[in-house]
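Heads up, the next two complexes both have chain A, just with different partners, chain B and then chain C.
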Partner chain A sequence: MKTLEVVPLARVEGDGGITVTLDGKKVKSVTLDVHEGPRLIEQLVKGMTPEDDINVVPRICAICTLSHKYAAIRGLERALAIDPPEKAQLMRDLMMLGENVESNSLHTFLLALPDFLGYPSAIAMLNDYGDDVKRALRLKKFGNHVMEVTSGRIVHGENPGLGGFGKYPSKKQLSEIAIRSKELVPDAVRAVELFSSIEYPEHSEVETTFMSVNAPNKKFGLAGDSILISNGKETDADDYKKLTSERVVPHSFAKRSVYKDKSFAVGANARMINMGKRLEGQAADLFKENYSDRWLRNPLLNNLAQAIEMVWALESMPETTEKIAALDDPVRAEPTRISGSGTGAVEAPRGILYHHYDVRDGLIETADIITPTAQNLDDIEVHMKACAERLLAEGKKDEELLLPLEMIARAYDPCISCATHLVRLKRV
Partner chain B sequence: MSSPKIGIYGFTGCAGDQLMILNCEDQLVDIFGAVEIRSFAMAKSDNHEGELDVAFVEGSISTEEQLQHLKKIRERSKVLVAIGTCACWGGPQAMKLEEGGYEERYKGVYGNAKIAVSKAFEAQPVDAFVKVEMKIPGCPIDKTEFLSSVSKVVAGRHPYLYKSPVCMECKWKENPCILLAGKFCAGPLTKGGCGAVCPSHNLPCVGCWGPTDDLNVSAEYKLLVEKGYNPEEVMQKIKKFGGAGVAKLMKDLKPTKKKGAKK
Partner chain C sequence: MHKLCDTPCKAEEGLSSELARLAGHRKVYVLGIGNRDRGDDGAGIAVAEKLQKNFPSYSRSENDGLEGIVLDLSESDEEAFVVFVDAADLREEPGTVRLVPMEEIRATEITTHRVTVALLAALLDKAKKGSAVVCIQPGSIEFRADITPPVKSAVDCVASVLSELMSRRN
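This part shows the complex of A and B:
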């Protein structure tokens, strides 16, 4: 028995590792282990007011901070029957676009690309790919800027609240975002070029199921009240438990999800698979050029999906900011009841994030948070196992398995801080 | 002179402080050039765990495995800097430090399932376990405060950290006082440096940088209660981020019966 380990799994957010257990030419198991310490946030917010909850829960993750804020807001607004004004809803769309550009640019260019080009980090790429590293930093900075203008701060901004925002941005700030977003489209298109020119190996290919939110009005989007499944089914977000039956495994502080006893995937590829046909503009052209049924099998293509999504996010900003600028600042919508239940489903950059709340007499009675990485963990392991088996069958040495396995895990853009609640190789 | 050797590590938290380092887009290339980043797992693969001039540690400590790792980092680092509210105070996951009930909450999330990864315990700040030379709180840390601190720390000097509570910056910005309008705001109890960002958005300070060290927090707390703020509400609000800092405040507030004390 031999164990190969990758600890820590680098260039991901949070503390994890991969353990591969080998017995001769057989792969006994491949596990993605979450070492990140538990925080028990769902328990800690019990008894809090909804306002206090939405201060705390975004701290689950810095990269997905606005996704957590928004999922909590949507869940609590449904629970307390709050009807937010149009301007607030548009602001939420804009903040999610900013977070999407920030996270996708960080992951594609800076965290994933070094593997495909053979470098240990983006910094090591500076001499040969300096322009691309600078493109990434420009995009990331702009994504951060949009998050700052909408949420009040680059990370953990408190401006978005129940029923509205504390303060709305000026027309000048909004028009600057519109102008800059148009200027940066070519940088995002370059990311698509880079990731579409890569030859993706077939060793990890296994057909899987993909889930995403169903954005309203038949548009591509990052929030919705129902969930689309790549098998053609649709489920109300309130029935999320039917989609994500959670369980605990011994090698991880992250819980796991399965759908009909099988793994499934969430993320930019899932959004493209379920909603890609709804894209418009250059993003639609890039999607049509690059999409194939391989997307249903190969997790590495998530990087390409994220790049196309960045183009969509930038192209969507001018229309969104114009609409926001045309509306007067509204008063905050108030709760119309003090008890109730509700689920918020939003698309964090790495997939669907659910926040479910039961509120009684104005205080949180139960909170249930299911993160995209927790939903993806089983699927990551399925693809890593297939990859390890095929590479061994091809006669690869044990150590040669490690980078391909890491690349699969990284392709899902795992967010281990979020999932809490990563490669070791073992030979038997 | 060789470049100072730096390590950047993350424990239990949201990785927001490491992300803020990556968010220094305009300075990132220069930082990576001026110091030798030996270890930064979130950003790169070729990490070497050896002697360090400065270790920056984010996050609270909540498992046995983390504690052992932290001790090793301490042993091989000349200076250890806690970055972010979780490393400095424990963060949101330490909000019930004074109350106990950890086992029950753990069961509430994981049930009776056995997790073999490592033994977990109630999160505590880094200085509960090892010596910490400096604390740079923030949720997340402020770019400017971090960058100015890094350049001082690597030059072997003590950084100048913002000392005043949030109220100071809030007054500079000429925001209307939220407390005077009758709504609780954690500004007077909270370390500044964020630019009073929440009050500047017409929102009360949520206390996310932890207790200020500029003043007597327990006296300020008593003043707020005298002014008519509900003590339970105030405590609930500042506990969200204050962790060990608020736990200490709660101890300070407990009536002690000293011999010879005036009745």
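This part shows the complex of A and C:
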């Protein structure tokens, strides 16, 4: 038996690792192991009020904090029949745009790009691509700013609530966001240029199914009450369990999801595949220039999808802020019942995030949270296994498998939190 | 790695003189890193917050968005020296303080889904700004725990050293 280790599996968020088990030249298995222990958040919130729940569940993740907040709000508002005012809906759109820019800028420029350009890290890129590193920081800073203005803080902001917001930004703040977002579009376009100039290897290509929310009004967006599947079907978000059959596996603390017994993918790539034709402006042009049927097979193209999505997010901000500024600050909408069930589905940067709640007499009876990474884990393994098999068939050495496998895992931008573990190759 | 400050802090002079040497004549900025919700992991934030009262423009924490602050500094004409303060497992007694060379940070820092201190320091270096990392050994990083007494002493020690340096330079 031979064991190879790469320490650590870096540039992903989480305590995970990859294990490749080889039997001679045959790939026995490739697993993405999640070592991070379960935090039992769904049990923790039982018996809490909905207001307390939306303050607790964002603590699941400091990167997708607003996605968790928003998914919980949507689920609970559906459960309690709360109809939020238009201005609150627009503010939620804006905060999600900010989170999207914040996360996608970091992942594309600083976490994924070094792999493709042949650098071990963004630090090593600094001499040759210093301007791009600065672009990433500019975009991230701006994404953080939008999150702070809308939610109250850069991380774990508490301004969004059930039925509305505690406080709305001033017209000056909104105007500044609009101006700055326009200024930053070229930085996001640069990300598209970089990722569209890459020769993506074919070794990981396997056709899969993609799911995303169906944003309302036939627009590209980050929240919706139904789910689009790349096979042309559409399902109400409340029926999310039909799309995400969950199971547990011995090598992972995270649950896995399959759709009709097969893996599927969520994330920027899925959003582009399902809603890319709805894009407008420069984002639409970039999508048309770059989209091909390889997007249905190659997970590495998720990086390019994230870059195009950043352009969309920045281009969307001026119109969104203008609409917010034009409306008076509304009072929060109140629950119209104290018992009910509802599912919130939003697009976190990494894909669909579901929060389902059953509320009885004003208290949480059950909660069910399915994260995008949990949905992607099986799909990551499918693509990694295909990659390992093809590279071995091409005569690559064992050690040469490891970076391509890491790149596949990183392309999904997995969020497991605090990566410290190993890629391990076992020969039996 | 230079051990400059034992528990409780006995070597303020060592930390003070070394930081003063590294900073030279430049203005000193302090950036506190950590998670205030996790006991001693919030030591860096605590140092930055202690300094914010007297040096509001020069002391910030991770909660303010480090990337933006460093980016702005790297693009300014100001001659600046940035001190990152963070809790770190030095495998020492809780409250031990060390000034860790940047090469060591680069060699050991794991890149997760965040902008690393090593990258921010490299960016500052490229812009001809200086930086240093002051690490404090945590005792407990339990969720919602308070900062433990030895780490609180270390926070006071580091804040005192930096306050004195900032009074002279800024």
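Here, the second predicted complex is superposed on the first by the 414 of 428 C-alpha atoms of A that agree within 3 Å, B and C clash if a C-alpha of one lies under 4 Å from a C-alpha of the other, contacts with A are read in each partner's own complex, and residues count from 1 in each chain.
Methods note: a residue touches a chain if its C-beta (ideal position, glycine included) is under 8 Å from a C-beta of that chain, and two chains touch if they have at least 3 such contacts.
Keep in mind that what you see is a predicted model, and the values were worked out from it rather than measured.
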Fit or clash between chain C and chain B when superposed on chain A: clash
Most chain A residues touched (candidates chain B, chain C): B
First (chain B), second (chain C), both or neither touched by A:238: neither
Touched partner set for A:250, first chain B, second chain C, both or neither: first
Which of chain B and chain C A:365 touches, first, second, both or neither: neither
Chain B versus chain C as contact partner of A:398, first or second or both or neither: neither
Touching partner for A:176 - first (chain B), second (chain C), both, neither: neither
Touching partner for A:42 - first (chain B), second (chain C), both, neither: first
Partner chain in contact with A:161 - chain B first, chain C second, else both or neither: first
Partner chain(s) touched by A:107 [first = chain B, second = chain C, both, neither]: second
Partner chain in contact with A:63 - chain B first, chain C second, else both or neither: both
Stretch of chain B, among 92-100, 110-118 or 128-136, that runs into chain C once the two complexes are superposed: 128-136
Common interface residues of chain A - those touching chain B in one complex and chain C in the other: 8, 10-14, 63, 106, 110, 121-123, 126, 133, 137-138, 140-141, 144, 153-155, 417, 420
Chain B - residues contacting chain A, complex: 10-17, 19-20, 22-23, 25-26, 28-29, 32, 41-47, 59-63, 65-66, 91-93, 95-96, 102, 105-106, 108-111, 113-118, 120, 123, 139-140, 143, 194, 197-198, 200-203, 206, 208, 236-237, 240
Contact footprint of chain C on chain A as seen in their complex: 8, 10-14, 63, 103, 106-107, 110-111, 121-123, 126-127, 130, 133-134, 136-138, 140-141, 144-145, 148, 153-155, 413, 415, 417-420
Footprint of chain A on chain C - complex, ascending: 63-65, 67-68, 70-71, 74-75, 106, 110-116, 118-119, 122-123, 126
Partner chain B, residues of chain A touching it in the complex: 8-15, 33-44, 48, 52, 55-56, 59-63, 65, 106, 110, 114, 120-124, 126, 133, 137-138, 140-141, 144, 152-159, 161, 165-167, 248-253, 255, 417, 420-421
